Amino acid sequence: MIWGGGVTLAPMSIRAAIVGPTGYTGLHLIELLSRHPLAEPTYLASHRDELPDIRDEFPKLSGVVDPAIAPCRAIDPEAVADAADVAFLCLPHRASFDYVPALLDAGLRVIDLSADYRLRDPALYQATYGHPHGDTQNLPDAVYGLPELFRTQLPGAILVANPGCYPTAAALAIAPLLAARLIDPTDIIINAASGVTGAGRKATQHLHFPEHSNAFMAYGQIGGHRHAPEIGQTLSRIDAAASPIHPLFIPHLLPVERGILETIYMTPIDADLSLDELWESYEDMYAHEPMIRLRKQPPNIKHVVGTNFCDLSIYLVPDQGTGHPKVVAFAAIDNTLKGASGQAVQCMNAVFEIDETTGLI
Amino acid sequence: MIWGGGVTLAPMSIRAAIVGPTGYTGLHLIELLSRHPLAEPTYLASHRDELPDIRDEFPKLSGVVDPAIAPCRAIDPEAVADAADVAFLCLPHRASFDYVPALLDAGLRVIDLSADYRLRDPALYQATYGHPHGDTQNLPDAVYGLPELFRTQLPGAILVANPGCYPTAAALAIAPLLAARLIDPTDIIINAASGVTGAGRKATQHLHFPEHSNAFMAYGQIGGHRHAPEIGQTLSRIDAAASPIHPLFIPHLLPVERGILETIYMTPIDADLSLDELWESYEDMYAHEPMIRLRKQPPNIKHVVGTNFCDLSIYLVPDQGTGHPKVVAFAAIDNTLKGASGQAVQCMNAVFEIDETTGLI
Amino acid sequence: MIWGGGVTLAPMSIRAAIVGPTGYTGLHLIELLSRHPLAEPTYLASHRDELPDIRDEFPKLSGVVDPAIAPCRAIDPEAVADAADVAFLCLPHRASFDYVPALLDAGLRVIDLSADYRLRDPALYQATYGHPHGDTQNLPDAVYGLPELFRTQLPGAILVANPGCYPTAAALAIAPLLAARLIDPTDIIINAASGVTGAGRKATQHLHFPEHSNAFMAYGQIGGHRHAPEIGQTLSRIDAAASPIHPLFIPHLLPVERGILETIYMTPIDADLSLDELWESYEDMYAHEPMIRLRKQPPNIKHVVGTNFCDLSIYLVPDQGTGHPKVVAFAAIDNTLKGASGQAVQCMNAVFEIDETTGLI
Amino acid sequence: MIWGGGVTLAPMSIRAAIVGPTGYTGLHLIELLSRHPLAEPTYLASHRDELPDIRDEFPKLSGVVDPAIAPCRAIDPEAVADAADVAFLCLPHRASFDYVPALLDAGLRVIDLSADYRLRDPALYQATYGHPHGDTQNLPDAVYGLPELFRTQLPGAILVANPGCYPTAAALAIAPLLAARLIDPTDIIINAASGVTGAGRKATQHLHFPEHSNAFMAYGQIGGHRHAPEIGQTLSRIDAAASPIHPLFIPHLLPVERGILETIYMTPIDADLSLDELWESYEDMYAHEPMIRLRKQPPNIKHVVGTNFCDLSIYLVPDQGTGHPKVVAFAAIDNTLKGASGQAVQCMNAVFEIDETTGLI
């Protein structure tokens, strides 16, 4: 096999379909699954009228992807189910509704990378995305795929809503502090900066290379990003008593391809809070998490890009005469991996009950 | 004149010396002064043992700088005073103390780009920089060179302390809100991101190109950056009643050469604060300021790099159930221009009582 | 005047219209002319149906451009002629034909930044651009605006064809060698690399930021770039005996916004050629040229970006056993300045017989 | 195992030591070997006085490298031999001589990533590197580790000289054309551009981030780069009759971290050469090579960075009136992988007679 690696596939091999493979999440899923020792991509399904060969879309995949599957096929749920055990959906928001029911009916596990099944409340979905939820029947079955926080629901799950990139970093940084009741849930500020792949692959004027090289700015409706309700939902699950939690979330766009850094500002409940307590809360929750790295230095996106790790660090800034110290937490992930395709593979591993890190380290 | 432009110098021409011209602030001062219609660089003074030709240090300056002054000379205050009316000091912090007294004695106006004369309180200087202030005699005469806020002190000033880059952006964004008593002075969070020239020209491991390309991270002692007291001092001058003001300041390093963006989070004093009131405070203070641009979109460092402008915008994020709205302000400057050399030229213009924008637009 | 600088305009002021100001060449012309001491932009003419305000197109120009002219107007030749002495055309290739005759008839000098008047032979134009030349009447009057090589034709010229970016760098590097008959005109290889602004401002998939960041590749039809005939035409004018000259020209796209570097490989006519002879040819031609910098190090685009300079250096690589030494020349320019808008201003200065470097250094 | 992946190691596992792991080649070897299914890093040996933990040198490796080996140990050949089957040497040129003999004596296979064993002729080594060869005893046993060209010597080899990055790309692009006697061996021009990791990890002034961002320039002694003799040696082995072959090689430095693109200009022996013949020579040599991708578009470093592939394409530019067509070939590799650490792993696979691509796709 010229295209393949030297690893003999183990007897068990999870067969994976990728629906909508021509965006960045598709690219990274194909890369990850192609070198996964216990899984393999078996079907690429495109909703384009003219079905592309994935190697033309992503020349990087030549020699990596099995030539037999490189020409994309139509999204035919029965054919997908014949070829695959699980389908990853990498479609634009709202498009998932057109395919998830049929893919589930055909017997596939579904891991949806869009936002369509992330918010549990259809009314909140409608308020956030501006159109009604299109599949309230399956919505209750959707498991929110953030293993470090909600792992127990994943084994055997039928439908996984893969979290957003910003919400992944924010939830991982804040959850231990809320769980330990160390910070005030009404005063959380998330200052986020992302690489440009987070904005998708479609060419736009303001992301034309000369316009965005050496640029840096906040974007979107200030205080109104779609990821804020998703972050709030997760945090409210961690600290139900404080629900609903509404963090202030301001995203910026870095002049880089990949990576997210979130700098999170919080207020302690107790003015005597110590740095040790902050670290204990992180260690209690993450000491045995293989994909979380606790750092004594502020994390750098450079150290997580290309990996599925989430790097976290936390600081206590003492009261400087104003009556209250502040807590500052940092979270860094690769938006395309732990923030999307890597987390989706981690979820797949959990669903199929193999070591969660398989193919990811 | 091969090196010169086609502009005939006006009868009045401010003769400027640059002391310590081999760093980035020196480079930009030479560029600005070389095309300034009413000023000209006349003396480059280096404290290196081996005196460099500035064109070897900065090949970009060949054909720009007068060949007669390109070979740096020693820092001889009398010789500098013979050749120049004003001396710009671009030395490392603490080194200014060795030269400012003698340059003043020699009759020069001095514009110091280091931090040495920015903090008015010698005890705060010592606490911040770790060594005693070295010139308490001249310190009381130093004028803080932020024209938009403290313009009246500049005409005829003998010694100007040119503000830090981060403090310039922060003070310009926050001052109107404090002046109008719209925000709580005890709860100000400044999330800042800077291009790498802000860290100086000395090669270091973590700023070696491959280490920092595509990188982004917070840096320094979290909550303990040296610019925080300078910001606090300026804000306390604006709102003396609230003094001392201690903002929380967290800087990050962007993978770009130039530009600073600050995203500033504040809490209104009055929960009924309107966006109009915020804008009014900005317009009241800046409507006639030629170097301030009020923006209805979040500013982008791309639009200020290469200019002396400070771009500002401001937003009110409504209460989402937590009991308080938030104010979010943005400030963007070029750290090497409005944050250093451009502001120094603006100060020079004010000191010599010519139009402040001369040579800057 | 808030928007203006501190320079009092001299009695003589060249009034300039910019036709098609919403691309990168328009941006840089407005910047250059706004700070030009003897010229000013007076009319921005757009061929869009909905006429934009230039400050919305380029937020960088707020506070720089006179607000009175910022709202673009239609391309009305009579109105342009009322307001301006010279019109810079920044339109796509072929569109110039629609406006140049009328603008000339209205009495304006025209400096055309498109390719439409660069090739003197209409048949070659048609072969190169795939459509007939649309204004053969005015074509004979067009002066090729490369002042260092063809200066004498510029004073008083009615119509200037502003050279292409690649041809400018190539012609300046090769011309002295051909003039001194040092190199074989049949064996010239131009390996070029350009920043992305050279490809225009229109967003395209392959120049979407994530696709092109950290990228580098040759592009276009290998061996068939449209600039090759223009280079050949210029070289043939320098060495008429060797005409026609057909250099091999291969362009690449750098992951930067601005800058062109050309590495040019040539074969000496005489195997005994010395490095001194090469340098002499450069010095003979350029010693007194203010916009050419002869370098003893290979030029770096970093040193020319933001300037109108062309940096040149030249090397002789000795015969290493193959029977012939090689000549390697380097040329670096800013494609948006010496390669476009800066050169256009240099031409304007020459046309109006003021110092060519006015407003450019 | 927190640090490990989910792959059970196969019974056979090649134990690998990395000597000098704190540079970029060390980093990438550790990454590659940590996820290699049939090998594992077992010993990190540093020649620093203070032995670092590799996770402090490269925070990216936390959670990837086995914590048991992360603290570097001294270079003790016996201890290395106890822990490992093969030693990769990532030392500066000349330092390898201090360790290779002892490591071989201790029974290890050695793969040397320095230049010390690449040139077969000690006199050429001395002429190129300026000091005598330090191990002429083992030099004759060194196998040049470019599997696509010299694969047969690798199985069971004791000492492998891993090729330079530039020579790898050049040799792969040119070899088929020489083997098929299509091009003139006396007229080969290699225009190369590399990412900055190729210059090593040591911080230097000209590679300080602000100095090199947005930069591009040729570097080194023009026509005298140390890689030229290595390229010549390889090409001379392919076409012994034409020996010695001295290509003209000019390297440039891109403002990116990783990636090499070489644009190679050649002259056909036969003026009637067809493009089909060029492609045939490539396909004859590489059709079954898993790490070579033949491209119908000019290769982009973006598509090879992060992979061990070499992308090649070839063009024939017809005679445009000068009497001879030209051949233009392109080769793209990741300088840190196919140009260094990836190729070293490919060689290890070949030495130990497992599928060459194992752990590389």
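The first chain written gets the first letter, and so on, giving A, B, C and D; residue counts start at 1 in each chain.
What we mean here is this: a contact is a pair of C-beta atoms (placed from the backbone, for glycine too) under 8 Å apart; a residue touches a chain by one contact, two chains touch by 3 or more.
Everything quoted here is computed from the prediction, not taken from an experiment.
Both chain A and chain B are touched by C, D. The greatest centre-to-centre gap from chain B, using C-alpha centroids, is found for D. Of the two chain pairs considered here, C-D and B-C, the higher C-beta contact count falls to C-D.
Centre-to-centre spacing of chain B and chain D amounts to 47 Å, using the average Cα coordinate of each chain.
The mean-CA centres of chain B and chain C are about 36 angstrom from one another, to the nearest whole unit.
In terms of their C-alpha centroids, the spacing between chain C and chain D amounts to 40 Å.
Looking at chain C, one finds that residues 211-212, 214, 255-258, 300, 302 touch two or more other chains. Those residues of chain B that touch chain D in the complex are listed here as 24, 195-197, 201-205, 207-214, 255-258. Contact residues on chain B toward chain C in their complex (touch as defined above): 2-7, 34-35, 37-38, 59-60, 62-64, 214, 288, 290-291, 293, 295, 297, 300, 302-304, 306-307, 309, 311, 349, 354-361. Across the complex, chain A is touched by residues 186-187, 189, 191, 193, 211-212, 214-219, 222-224, 244, 246, 248, 250, 252, 254-259, 261, 263, 265, 298-302, 305, 315, 317-318, 320-323, 326, 328, 330, 332 of chain B.
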